[in-house]
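Both complexes shown next keep chain A, but they swap its partner, so chain B is in the first and chain C is in the second.
Showing the complex of A and B:
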């Protein structure tokens, strides 16, 4: 059968003929494979089970082009971050239009922390970055395959064993383009055994132009290590933001990921966690606040392949106008992964008749001594609660905002860093005022 | 002064209130007693402005102005306050945040300056202490995990903080043990003044030993069936509601 390709697919295939980053032969081999995979798969569409509710092929009409790194000052970056985040003491790496901007970044080598631009790490064939492209194991994922070929930049970060990293590492992605642009980035973390680190990711746009982002984050979490990872994006309404976080957890490690999505065009936050060591735990949570025609898709796969691991997922989605959210959560318990403890919950609050929430929780259990549960709810603002607040003098709009805040609050509580939590709360409040 | 004139109310076509006439002058405390289903709680909700009721006839005036077109929040700013029979739990809204939001919303509507956070905290903590509301309760989600007594104390705290001219207490005694009843009643009595009126709705006479009313009304079948002094409550305690309730008679 002859494949009919869309304009976007042809554009992406043509872009992927040359990989922007020069790497060692092991990478070139992986890229050749990935290039062939993408050509065979094309963009995911509703006939692909994992993309049933997010038809990327239909939504993405053309492939935007990458742009050269634009100019931006520290002051502009700080303004985009807002005072709370800008004043948070972090070690910041700033990526401008997909390239690490060394002038704006703090690449100073702290004790037990190595940070390299992806470009330098690959050009020099640094030995510890060799797992790049192999933490991802799903060979049927066209978006991940595309990223491996198209990645323009990013960072490789290694935390030494037992290192307590004092300041959070803040990865700031800024788009400066004055017209449509695309960015493909990759992050690679190698977190040593017993290390403790906090990662923050912000995705910002200087000129609020439509962009297509393809981001893959590979995280190797060492035995007994603890990682807290918070990501937020607030993209333009015409943008496509495709993110994959792929983690491999060592024995007794503890990984927490919180993702916040405010509006945007089409956003897909895909997470794949593989439990490699016994008694590891992961807490994957997030909020999505969607208005207009924003579409956000949270897809996750928790792959329990070790004994007595724990997974916790809590997602809160608020939908206004014609907002649409998708939640697909799959918990897999491999044969022998006894004593697995998994709990997954996804709740949506619909503020409009035209909003839509699609929820697909899945359990695939091949062991007999496990505790796994999932739940999903969809509802509207409770009139009894609303009346109670109004009967205390709180006007309708403010009462609704309080109830929405209360709804998402349960998930926001999971952000451990106080400044970050306050920042996300402020962002959500700003969203209600706008909505 | 609250004036209820010939108030007729229906819910989904079903008449609940059938011509209530009631005047509560400034500084007076009136009690409404009556059997279950007589329309007592409906009356309190209608005064507070809950929107599931159809007012088919009559009017409610507060200080000479009709409140029927006012939304619930405007009624609070005007000076009306309803203490709920079943205070609602709102997880995720911290009690302190809720109190601050309510106080400032009402102050703003009354064209008073908003209180600074330190002044607000001082005010809330002082009134909370008077009512035996523990500081820990202010940090928790609104009414979440509160005992029956704690919820009612929280209602009275809100009443004290919002400085109403007309307080409606809907079955405030329900679910309270004798100690809780005493604390809540003391809180209510502390708020009695020449300018503040109260409407105490209750099924039982017990509450009226603590909050002694100027007048007692008996409600039956959506109407005021009888009005008397505080001794009427004692009479009802002995005789029950049989005289007023067709089903019991």
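Showing the complex of A and C:
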């Protein structure tokens, strides 16, 4: 049967003929495989179960071209970040149009921390980056395959055993293109046993142009390590943002990921967590506030393959205008993964008649001594609560904003870093005011 | 606690042969030649003396079926049936249709007696005094007898086999058949449309509350026979009917195919309550034999303020693929789905429901209790959707799974689609095992392990059991015990 390819698919296939990064032979082998995989799979569409509600093939009309690294100053970066984030004391790495900008980045390494640009790490064939491209355990995914071939840059960060990293590592992705552009980046973290680190990711655009981002983050969390990871994106309304966070958790480790999505065009935040060591914990949570025609998809797989692990997920979505959100969360308990404790909750608030929320919380359980549950709710603002506030003299718009704030607040509380939490709260408040 | 005691007693009574309906009946049958082609469709139609329009309907379905593929999305693994190696029609031999019970083959009557199904009108179901239940009995491909017909006719209720309805009430059949499950709805429904042999037809006229429970009992007897029954129930404006369905099959080494279609239509202010106790042969402990139960059941709340309620107890079948659904078309209509699905041994169940909210202020409720034991796999798969115009749609879903033993698996795959902001959907699911505390509590009070499990499972499924008509409640509690036998220790 002849495959009918879309223009975007043809564009991506031709782009993927050459890999922008030069790497060792093990990477080339993986890339050859990934290239063939993408050719066989094409862009995911609604016939692919995991992409049932996000038809990328239909949504992505053309493939944008990558651009050369543009110019941007520290002041411009700070302005984009806003004062709260800019003043937050972090160790910042700035990626401009997909490339690590060493001038803007703080690559000074403290004790027990190694930071390399992905380009350098691969060119030198640094031994500890070898798991790149193989942390993923799940089935073939066209977007991940594409990233492996098309990745232009990124970073590889290694934290030594028992290392307490004092300042959060802030990864700032800025697009400076004055026209449509595409960016494919990859981050690789190797967190040593007992280490403790905080990671912040911001995605910003200087010219507010449409972009196509394909980001893959691979995280190896060592035994007893603790990682806090916050990802924030606020893309242009014509943009496509495809993110994959793939984590593998060691014994008694603790990984927390919080993702906030404000508007944007088409956003897909996909997370795959594999519990490799016993008694590991993960909390994957987030909020999505969508207006206009924004579409955000939160897809996650919590794969319990060890004993007595814990997973917690809490997602809050607010939809206005023609906003559309998708939540697909799957908790898998592999045979023998006894004493698993999994709880997943997804709640959506629909503010407008034309908004749409589709959710598919799944449980796939092959062990008996487990406690797993999920909940999913969809609804609108409770008239009685609104009445209560209005009866106390609060104007309608304000009362609504208050209720929305209370609704997402439960999830925002999960951000441990105070400054960061306040920042996200401010951003959401600005969103309500607009809405 | 009487019910619990009963369960325990029944569990005790069991011998090693767990499936007590596994006997076969030696009875002379008429069969169509093996295999499926246009001639077989014509043969079935001719055998039933059907009018031309019905034959055309079947042939059209057959044409479409040829172009379709078997669905593969369900979480079940099985060897696909060879559709050319099946008999599509098997009927107990009789010259003319029996006019009364006296004319029914005594061998048949004995079979039903053995199954505990009273066919004599004066007989009542064990333990339920004074309850009258009208029965339509389907043996392999044909309906052999329908009881209480006259009494029902007095109330204006039509209760007969679908073959008879096609001949006697063509206007009703033509008007409603295939309007809920279109003839090319899915692979098995299309196959059924082409070759359905019999089933029940019910019409309740406006304003009538059906004076008794209606019931159909399905039995597959012949070897290598597919049973394709078709049930059509129409509740006209303001009427009410409660319908029960039961099924068993002999123990055979081959897999038997059961592909039924059930269509329910509720007009304004009407209510249909449909209860099923499905106990087809589940196969032996190694997964050999057993019934493939591929069923399409759908109800259409066509009128305003109508209500359709599905209650199912699924304990049998090797493979179950079944999603009784409600289309909530009328304003203020209601859909309900109460289910207990028990799987043991090598059974695989993929079952659930669809609640499609189209009208205004519609509501639905889903309570699903899955219990998996042995090496079985038990999946709940459901869809709740609110159309753009379905303002005020309301759904509550609860699906709980209970795991017994570490070789079985339980899955939950709900799809929740809200296209309307005033829709309020709540979904919750849990998976757990029988806790040691519960077991200890029960055992400390003198119950042995198996009794304790039966007690706890009965408690787990109570919310659904209570929704069953009384006639089925006792049977269900007993079935739960039987189905889980050997799952502990």
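Keep this in mind: the second predicted complex is superposed on the first by the 433 of 435 C-alpha atoms of A that agree within 3 Å, B and C clash if a C-alpha of one lies under 4 Å from a C-alpha of the other, contacts with A are read in each partner's own complex, and residues count from 1 in each chain.
Here is the rule we go by: a contact is a pair of C-beta atoms (placed from the backbone, for glycine too) under 8 Å apart; a residue touches a chain by one contact, two chains touch by 3 or more.
A quick note: this is a predicted structure, and the numbers were derived from the prediction, not measured.
With both complexes brought onto chain A, simultaneous placement of chain B and chain C is permitted, the two fitting side by side without a clash.
In the superposed model, A:164 makes contact with neither chain B nor chain C. Once the two complexes are laid over each other on the shared chain, residue contacts for A:410 go to chain B alone; chain C is not touched.
Of the two partner chains, chain C is the only one that A:361 touches; chain B does not reach it. Using the contact criterion defined above for the overlaid structures, shared-chain residue A:338 touches chain C, although it does not reach chain B. Of the two partner chains placed by superposition, only chain C is touched by A:372; chain B is not. Shared-chain residue A:353: touches chain C; no touch with chain B.
Between chain B and chain C, C touches the greater number of residues of chain A.
Of the two partner chains, neither chain B nor chain C is touched by A:124.
Superposition on chain A leaves chain B and chain C with their closest Cα atoms 17 Å from each other. Note for the complex: chain C touches chain A at residues 73, 388, 401, 403-406, 408-433.
Per the touch definition, chain A reaches chain C in the complex via residues 49, 319, 335-336, 338, 348, 350-380. Of all residues in chain A, only 384-385, 387-396, 398-399, 402-403, 405-410 touch chain B in the complex they form.
Interface residues of chain B facing chain A in the complex, by the touch rule stated above, are 48-51, 71-73, 76-77, 82, 84, 87-88, 90-93, 97-98, 101-102, 105-106, 109, 141, 158, 162.
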